[in-house]
Amino acid sequence: MTASERERAYRALSLARALDDRMWRLARAGRAHFAVPCSGHEAIGVGYAVAMRAGVDWLAPHYRDLAALLVLGMPPRDVMLCFFSRPSDPNARGRQPYAHFGSRALHVLSQQGPQPNHCSHGVGCAWGSQLLDDGSVTVIAFGDGGAQKGEVHESMNVAAIHKLPCVFVVHRNGWTQSVAREDQYATETLVARAAGYGMPGIAVDGMDVEAMHVAASEAIERARAGGGPTLIDAACVRFMPNTSNDDDSRYRDRAEVDALRASGDPLLRARALVDAHFAAAVDVETAALADDAAEWAEAQPLGNPATVADHTYA
Amino acid sequence: MRELTVIEAVREALGDEMARDERVIVLGEDVGKLGGVFRATEGLYDRFGARRVIDMPMAETVIAGVAVGLAMRGLRPVAEIQFADFIHAAMDHLVGEAAKIRWRTGGDWSCPMVLRTAYGGGFRGGPYHSQSVEAFYAHAPGLKVVAPSTPADAKGLLIAAMRDPDPVLVLEHKRTYRAIRGHVPEGDYVVPIGRAAIAREGSDATVLAYGMMLHESLAAAETLAGEGIDVEVVDLRTLAPLDRETILASLTKTRRLCVVHEDTITMGLGAELCALAAEADVLDVPPVRVAMPDIPGIPVDDVLEDAVLPNRATIRDALLRLVARERSRSHGAAGPRAYDPAIPQASSIV
Amino acid sequence: MRELTVIEAVREALGDEMARDERVIVLGEDVGKLGGVFRATEGLYDRFGARRVIDMPMAETVIAGVAVGLAMRGLRPVAEIQFADFIHAAMDHLVGEAAKIRWRTGGDWSCPMVLRTAYGGGFRGGPYHSQSVEAFYAHAPGLKVVAPSTPADAKGLLIAAMRDPDPVLVLEHKRTYRAIRGHVPEGDYVVPIGRAAIAREGSDATVLAYGMMLHESLAAAETLAGEGIDVEVVDLRTLAPLDRETILASLTKTRRLCVVHEDTITMGLGAELCALAAEADVLDVPPVRVAMPDIPGIPVDDVLEDAVLPNRATIRDALLRLVARERSRSHGAAGPRAYDPAIPQASSIV
Amino acid sequence: MTASERERAYRALSLARALDDRMWRLARAGRAHFAVPCSGHEAIGVGYAVAMRAGVDWLAPHYRDLAALLVLGMPPRDVMLCFFSRPSDPNARGRQPYAHFGSRALHVLSQQGPQPNHCSHGVGCAWGSQLLDDGSVTVIAFGDGGAQKGEVHESMNVAAIHKLPCVFVVHRNGWTQSVAREDQYATETLVARAAGYGMPGIAVDGMDVEAMHVAASEAIERARAGGGPTLIDAACVRFMPNTSNDDDSRYRDRAEVDALRASGDPLLRARALVDAHFAAAVDVETAALADDAAEWAEAQPLGNPATVADHTYA
């Protein structure tokens, strides 16, 4: 990354964390239904979002991709509208719960509930790029749990056959909600899946934003040049429970997670990439932005029942 | 006047629209060099090339999912599922995704995709090459479902589907492909989605049918005409959303309803049609459903398949029973009440 | 008398049956250490170990497919789909395989599997954590579908399902899990699959309901009792095959039908229930369906979700309209005709 | 293979071919609805069926697995009952068309239409073996087209996680009906898929019955010993069109196929494994068996409509 990219990256990491913290506390306090924390995952999305051409490339995001969305231009107030499920939320319009991102303007495909159905939508999107020959690339992100669904197999295979301009990124945190890695797949990483489809695979430390950016840039540029898809296996740690409804002490050792967090936090590690004063100033700024966004969004009106059937058909 | 079979009409619709609109992309299993197992896409590969006529792996989930993605990007994918029996793997992308994308994003995104598939029995295909699937998809608000029975409608509805801003499932009865031939206008036209047609006017009873059963119903009506019974046959054409107006207008006239479909009876489309009629209070005698019995599949054995599928003889018998029924209700001095379109709507809660 | 919630009753049924029959295997997402996202399997992992309480990958197709294979081998798999919204990926194994295996092999093979899933709204889950799916599965001959609404039935029907020789889909309304508490017999008992129950006797109208809507219907009936209107409430319990006898007996008595379900109205279970009543000719006034309007999903916003789900107030209003309707038919001198069970059967063709 | 196994193998190859030829001709003559030829594929199934313990191990067959079924004990008359879709067919009872094999007695799982849904059934069957600890192994066979379905991904992953006693065998003939290999997957073979799930993969010449038996024996014994699943990529040539309804001249060069047949026919190659007189005698015998079976089966009665709903429920 260039110096200015590093600053952009740090800003997004810091803002994502600030929003994440507030959403968690608000959800636990009963002020909203549902938080989906992204902490531990942020550097993955920041890595590819910084490597993408904003407004040109497309993202079919993982639901922990808040940080990527911030890089692509989602304002914090929109994030909080989504969190509070307000009808004015441009992502999910009071219809879907938080983390179901989507924005035509930002080139972010609409996220759905069943994971990870957006994978083939991303492949279709990349196919569109190939047919329209517009030079855009689609990044398709999902969890390591999601990667076990047939959807991903069929999608990766088709992308490889047609050398579609897309990049598959697994947020490999080792958990599918409560289910540990060894009950989800028999291998240590998922990178060997790539060879099965005839595409290159890259294993990367997904908590190192610089490394993630390098991997993503390589894959995105290969895709753009007509070299076809890449699978990136991005290792990370899910610092928090699955959602605010989850109690992860039932299935994992919190002390272990906290130790991993202390040593690997992508936000702390990214501080080494920027000036310390800059980082401190950004943290103050993002805290204020997050506070403002939460307060403002919570005050926005709830839905109007007369509109509930709107947009069922055109 | 030029006559085509249903499969020729489908092929013409695809070719014409691909020529007119280069956003139209055909994808599916064996749709390329082979031209589809029923030859619906014959010639398209040579005419439009492998970029726009795409042979997909045998993977129905990604066929539907890629169509969703292409449609979100503004292309006009026309996906083919080879046999409707294999559509279940595509269901989540049709019912869970395509049908919901516009609504869940408040109109930010849309999903103008078409999915065509060949359904229906009478072809010695057994339980996995003969099924009707309309009931599963007519229950998915946001999705439109059409089922042409004539060549002219096969062309006009498919063109309409390809131009529709929302996802459309096109159910083509495989027996009509070659068995049904008829006049098809040249050039560009659409048959509007959401409108039924009166295939035969009559006054003694109304048959609601679609696909191959439309033709069996017409044949039964012809026979009955010779016996002095005058049956109206409505070709539903669009199964979701239903053309309540045309349906209820016919029933208000004849006051007797016979639904015919190949699908199994319980929770088949006939259930909704009977419910509609009952709510609208337009019948003088109980309705009749002629349908497959509730068995898990259509058997391949000749005798067994013929025994389970409705046909002109069983439809005729049902109609004879229907018109013979004594009116079980009086209309009072004022005669039959006119259909009040507000009634069934009022039973939903917003 | 001992009272349990629905979720406690489910848990007891699973635990008791696993203890009684070591062929019973539980599999699904997060069913192990976590005990299920709704805690249906809490304690089973510690009690029976990882061999019999299996945490599966997030892969609904193979969860259902493995259950089919285990059942074919003579085990008694009880698979869980975490939210009914994710069941589409399992559909081919349920409707295409499990439901057909006995029939397609003439009884050589069978598929005694159970698939449990949590459905229904009122929990601020939005369109992908709130859906009703019964309509898709009640249309699959060979499959049985149950939907308990009380703790006693949740236990008894689940035990019956685990002992049934055929595949059973158990739909548990997630709002009943903790909201509904009631008497549950200790020890071993079954509630027979295929039998509805009269949850409240009455004479002015019949409500047919299940799941959470049973309770909303009962509440509406209580209110109406205070207003001098005496409503019978039938708890369907089994949605496929329907208990036509109990349903039609009630309708023959009250002559007025109100169906209540959370699922969207068109092609929902209410369609079949109205059709059944119409065919059997047991109603004096048109039936009413209280259901979700035909929109693609349940919105998450508090105000919007409350607006689309039926509730005791909207049910009460519908019942008031229903009992206020003038009889639109006369019974002649002989009074109402008795229900003739042969009539609707005769409309199918074998 | 031992000498007697080779003779068993040869007999099955010869009988499969004899039946196959007759079915093709009868279908083309309009005497039955539907033939599904197996020629070119026979050695694959014979390889694993001879390696299986009959009556103990289980087979979830590919629909071109006629030869395997013959090894496992299916009488030719039953094959022909299936071909003519007679209600007395123990496989499909006049309800399913030909090639939908299945027999509880022979431990052959019932085949369905949508390919290859039997894959997860086979995994469930193998899981049953593990739970019952009965030492049996399940062989799960499917086409290379089938291997592209999500079903296979999810099934192989689960089998690998739990080290289930099963063997996945791909009949890799390079075609999915009319669609060539390069539009089905981007790799030359499918053997690299195995590593993606953490299981061993074996690539084998599926037209060499001896090689196929060696590969299958290794995989089956590993599975039986608790070593978990194996993926066998068995290369073969589909000598005939997809079915009797297919015209393969529309999409492939028949001369090329005929050349491959001339050089690779598994039946001709297997002659080298047995005594020439033995082979000649067997061929005469199997021709007679096939003729008898066809004639007898065609004369069996069609269905009785009164029975059509039987076995909907127990």
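Each chain gets a letter, A, B, C and D, in the order it is written, and its residues are counted from 1.
Just so it is clear, a contact is a pair of C-beta atoms (placed from the backbone, for glycine too) under 8 Å apart; a residue touches a chain by one contact, two chains touch by 3 or more.
Every value quoted in this text rests on a predicted model; they were computed, and no experiment measured them.
Separation of subunit B from subunit D in touch steps, taking the shortest path, is 1.
Mean C-alpha position of subunit C lies 41 Å from that of subunit D. Subunit A and subunit C have Cα centroids lying 37 Å from one another.
The geometric centre of subunit B is 29 Å away from that of subunit C, both derived from CA atoms.
Multi-chain contact residues, meaning those touching two or more other chains, occur in subunit D at positions 87, 92, 95-96, 100, 112-114, 148-151, 154, 157, 161, 183-185, 305, 308-309, 312. Counting partners per residue, subunit C has 56-57, 59, 61-62, 85, 88-89, 92, 96, 100, 103-104, 127-128, 141-142, 293-297, 307-308, 350 as the residues that reach two or more other chains.
Taken as a contact graph, the chains are fully connected, with every chain touching every other chain. Listing the residues of subunit D that touch subunit C in their complex gives 87, 90-93, 95-96, 100, 102-104, 109-110, 112-114, 117, 119-129, 131-132, 150-151, 154-155, 157-158, 161, 305, 308-314. Subunit C makes touch with subunit D in their complex at residues 25, 51-52, 56-57, 59, 61-62, 64-75, 77, 92-93, 96-97, 100-110, 141-142, 144, 165-166, 350. The touching residues of subunit B, when paired with subunit C in their complex, are 61, 85, 88-89, 91-92, 95-96, 99-100, 103-104, 127-128, 135-136, 138-142, 240-242, 264-275, 277-281, 283, 285-297, 307-308, 310, 314, 318, 321, 328-330, 337, 343, 346-350.
In the complex of the two chains, the subunit D residues touching subunit B come out as 33-34, 85-87, 92, 94-97, 100, 112-115, 145-146, 148-150, 176-179, 183-185, 245, 250-251, 302-305, 308-309, 312. Interface residues of subunit D, counted against subunit A in their complex, comprise 148-154, 157, 160-161, 182-187, 190, 192-199.
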